[in-house]
């Protein structure tokens, strides 16, 4: 049995047809009957990609977020990310992987979710394999399991930015577990597994624009709204306590994103290099665009602006990483930089929700720009690399598919997040810490420690 | 001549017999006479593993430790790790590698140490090779030399946590050089080199539970006791000055540990993925277990607790990384989390030794749990991957072998550390800085600088 | 068409003749007509090398520099590096790569610069290839493009250390763009492209001692002199505000340098391991030498000294990474440590220029030591690995070639930097921020934010 | 003239500043301090070692005012800084012999 | 009432706190300050540039007490903060005109 | 004796220290404070939220001197701290009832 993580954009059949176009690294034409091989170069690359997606979360994301909160809440963010990651990692091997990638290839609920046949990796041995996108090349299934684990973990912990500085620790962990089970797993299945709904529709999502960013961005927004704003929000300054930490975090996010995007190619070949260079250029353009936007509108290009723009560009290029040419990547990144700047500067104050660290403004909005933009930048005439027959590629057609994916993700994640928050509130007697706890800071009140001492 | 770094657990002969079981990545059955090849995928993976074990030490370990000391001693810790690493790296190529891995295959002292035939890498050329664990695959010997260098460096610098905040800089460097020569080199030889004593007994030590963690943990304990406690120990608060640094350090330790554990497979194949996923799961379970233990016993799950638990889990999975299944890794990590919590919270105050940063409590104790636990989790019935004939595997038998290894390591390292400290005290007129120097902080008194300025 | 990045030291013809000496990884002799293959192990290695050279800049270099400035200027340095990197990345794909590596193989300006035929990577497809140093192995051209991008970015941002704490942000960006175009591109072409002047002369520059370090070091010196010293320079203390950041930065620089130096071999083979171990040993020796020098001359070995010495060693080994044996690497690193210590402690105060973060003192001076020292350590009798016929290697002859390269780089970069500064001053009405802006700090005055809040 | 010195909870700064503004007092100097008093501290545990933290973060405000304003200022601070919970702080009043404005050299009440 | 202001070495805080506790003085405010005096500083060198550091870390304690206690408090601080080495610090006594407890509005000695 | 308390711009510390040195005053205690006054603050924007920063970094110097020196010290500070731009700060003079040198127990002017 093969794993069916795909680039999206094509049903399995058309994908297989498309493969020769990707076989740029096979010196000789692939003989029909040749048994697929595991290339240790691919394995090495995927092991590295897996490692760096982990470092993207711990300490990357943790620092990016941690620098943006007040000094009294830094450890709470760090702990939430660390233990959130740890919990989801274990849930992933327990049932996540199985529900996302195992199960019948059609019928029943197979368009939405897999089954429990690989509970605790039952049946995943040293010999089992996962398919890549090139005929003739496979990966050890455990490599694929571990790589995918990292996606589950970062997606879930991304949400923490929306509820920072006020949520009960236990309530957060419960929320993450529920949301992971009922939103992350089905979305991953729908987009990346052979029988999945969006996979079948041909949605393009190279590295998780929909599964990771829209999914978590919407969940963060809903959770933030249900939770209500922090004490003092829009009344008193809540400035970031240490932008150097945020910068280090941004650097590690960028670094890890190379594994995230280029690793999603599952092989080490020329298309991996496409994804890699796009993952350099889109954030570069996003950073410059955001900085320029700030310079024009407020007179200064700021450090926080530059890194925020880069993250916006990274988010937007995620679904398009292996479909866009360098020109497309630069334009997509720049647009994301400007639109996300607008989302956090104008949209958020307008709607008055307290998405503490702008998960929705950057991952949600950037993810939508990326998902839709992918349809455009994948066009061969614009330098893109679409799946299948390039001549037959239609921007409009693909755009509608992408839009459908976006709508499904927004609704699905939003509904699950809402229900999960309500459940958690009921169980924990409210999801917020006490007022005194919030004003003393969560480090002391929830974790009994302080980050900085003389 | 081949390098004989092995998974442990089998004499060279039985290892070779066991190899077909590991040859999951060779498409065709290995032809007996085929010359071994160097696969560039393996080389790429080992180069990366080497790099990340270095980053695990600098800045990983340095920050992990540095955040735990007071602000006036942070630079001293950073400098000790940096120059300690530098010195051991040079000693490794000078004589360390040769004494650990070169020399006669039997007779004389060959059960304990090699010889100086590869002094300054004499005879190690672009063409010399080291064996891997799969028949038919070899590595350039220089790759193996460099990978092993990183183990020597991190093991020695781990000890610094035990003596932090009070030792003379020169005395520390001398201590490290002596201990490296007389404890690290022989232990590495005994466990990982063909003629080595423990290797011959069939001890399992996938990535250095005994050589690295028990070895350094015991040395730190002995050094801390000989040195005596810091001024004010158990009388006044000595809180960590910056837990964010400790968190960053923990993240980089975890990251580097992937190279440490999965790199110890010397190849990029499915077993490498086993080691990798175990290196995700055991620390995840360790972090959750420690945090839960804290929550139950003191009401709060702390950030420092979470990262300490993760390190405990990492230490414990080290010897078992390629032998345990995912279930075994989770259980082993969780047990290490709870037991190490007990060691630092209950055992240390009981015995009143000042192992400043709990090297013994986490690396020593966690290492012992891991070494012994390996015998259990390697059992095929528990999802493990033992060497050789799985059906013949005996938990009890292996346990006794592991126990012997632990006892030898504890005694050997303890004795060497004690003698080394006594020598150093004699040479340097005491190994501690002056009282004034200690109270002003080592940054100023030993290094003439301060870390933080306005 | 093939890319002609070479180790230097030989014209293309002699390089090809030399190749068998490097073919240590080809199991069978390379058949003349065999089509070159892309080995996924090489690709995996080069993708990783690319990623880590990026992390070397962001956040590595940014932190290394950022910790050395005052707290009021930290964000300005971080922003300059971030947006400088972003801008150069885009200019590189726009015209940088083309001008450096495309164009006619002889005649016209081809000794100095390429042409615009690959404007915006025009013609670089999934199928185009770049040569490696081994016959029979090629890389996807996009891998080479991206790897080289990272060199362009770090070289340009290195200059920021010379002008820190006083330059207008816009003026800096303009300066970097001009200098990149007229100094970086031609130097890269001259040294690494087939028709390039220094390439033709047989200059040895394994990973960019001349192109990166001398080039940026001289530019920083000239820019610093034109700009004039910071207010209070040599009158009041300007101590580093956070040496822990500098240490983290140094650790990440070292980490990234493995990709920088060992990645410059373009393959994953035994010679890559030579470059890797040299990149461990030279900085280790540099750190120890600098620390010892400080201990002798001022009584203390400092943390800043240790990391500065390591960087000096890294700079010096850069051109020699794949030419030197381990002994040569250690000696070269140690010499760089001592001489660079002298340059910043004695030379700078003597000449009274305010190269804020010692870019010239470490990269310029260390680069010159490395470029010249390469001629010596490459000698086979000293354990080196020269190109071509080892028996014919002449230290003296190579030394003169290296010296010529150094002189050309110093003059070229110096002149371009001078003119660029004058242009920028004219355009921006002076290149310095106002006195009030400088005394308030650039974070507030140029970027409208502060790094640290309560 | 008087120097009014107030120790307050950090979270009350904004209220106090506004209260003083409405009294037309526009100058003050603020210091981050640690206070020790009836308000109990808390304990923190790091790797099993428990620390009793007696000292809590407070802000010290120093406001030089003309004699006539001293009582009003005291009262305004008392009212705006009060939360009614232990640890609200104290107000001390000291006598001030002389004041100089450095910029102009003015002295006395007009220098405030 | 009096305001006793003491500049001490940071390492003596715990002793002084205990000494005051035995006098039944349970309130004080502590500030991290830098002191300049006879105690010589030291020099630090960064990349070859030497900085003379004249200012050394000290703690400033401010303790408002009833007149009757002022001398006892002064003496207790002097004794508990003394190391006998240069840089031990000073004790200043100022007159305190009024005290208010913000929480309750109490004034005078009972507010201490 | 008098306690001279000066709020100055951080960049003037070195000048003031030297000016006091020439008066043979070799002791002082310095605190980092934040000042609020006529000098306008500035605004900072983080991710689109604008913060008005009213409080600016200043240094507070405390110098205990014999009565005879108080005016000289005041004047020396005024002159050496002056930049002529708004925000230069203030000098306050308080009465000092007693001084003790902790190291020796000396009291009065000789303890300074």
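Order of writing sets the labels: A, B, C, D, E and F. Residues in every chain begin at 1.
Following the convention adopted for this analysis, contacts are C-beta pairs under 8 Å (C-beta built on N, C-alpha and C of every residue); 3 or more make two chains touch, one makes a residue touch a chain.
Since we're looking at a predicted model, the values are computed, not measured.
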| item | value |
| --- | --- |
| Shortest walk length in steps over touching chains, chain A through to chain E | 2 |
| Partner chains that chain C and chain D have in common | A, B, E, F |
| Pair in B-E, C-F or C-E that repeats B-D, with over half of contact pairs matching by residue number | C-E |
| Chain pair with the higher count of C-beta pairs in contact (C-E, C-F) | C-E |
| Whole-Å separation of chain centres (CA-atom averages), chain D against chain E | 18 |
| Rounded Å distance between chain A and chain C, as computed from the means of their C-alpha atoms | 34 |
| Where chain E touches two or more other chains, by residue | 31-32, 44-46, 94-95 |
| Multi-partner residues of chain C (each touching 2 or more other chains) | 39-42, 44-45, 48, 239-240, 242, 248, 298, 300, 302, 304, 448-450, 454 |
| Category of the chain touch graph - line, ring, star, complete, other | other |
| Chain pairs in mutual contact under the definition given at the outset | A-B, A-C, A-D, A-F, B-C, B-D, B-E, C-E, C-F, D-E, D-F, E-F |
| Contact set on chain C toward chain A in their complex | 35, 37-45, 47-48, 50-51, 54-55, 58-60, 62-63, 66, 74-76, 78-79, 82-83, 85-87, 89-90, 93, 120-121, 126-127, 140, 142-143, 145-146, 149, 169, 242, 245, 248, 443, 446-454 |
| Residue numbers on chain A that touch chain C, as the complex places them | 24-25, 27, 39-42, 44-45, 48, 52, 70-71, 239-244, 247-248, 250-252, 254-255, 258-259, 262, 267-274, 276-277, 280-281, 283-285, 287-288, 291, 298-304, 306-307, 310, 325-327, 330, 385 |
| Touching residues on chain A, where the partner in the complex is chain F | 234, 237-240, 298, 300, 302, 304-305, 308, 341, 344-346, 348-349, 358 |
| Residue ranges of chain F in contact with chain E within the complex | 3, 17, 26-31, 64, 94-103, 105, 111-112 |
| Residues of chain E defined as touching chain F within the complex | 2, 6-8, 31-38, 54-55, 58, 60, 74, 77-78, 81-95 |
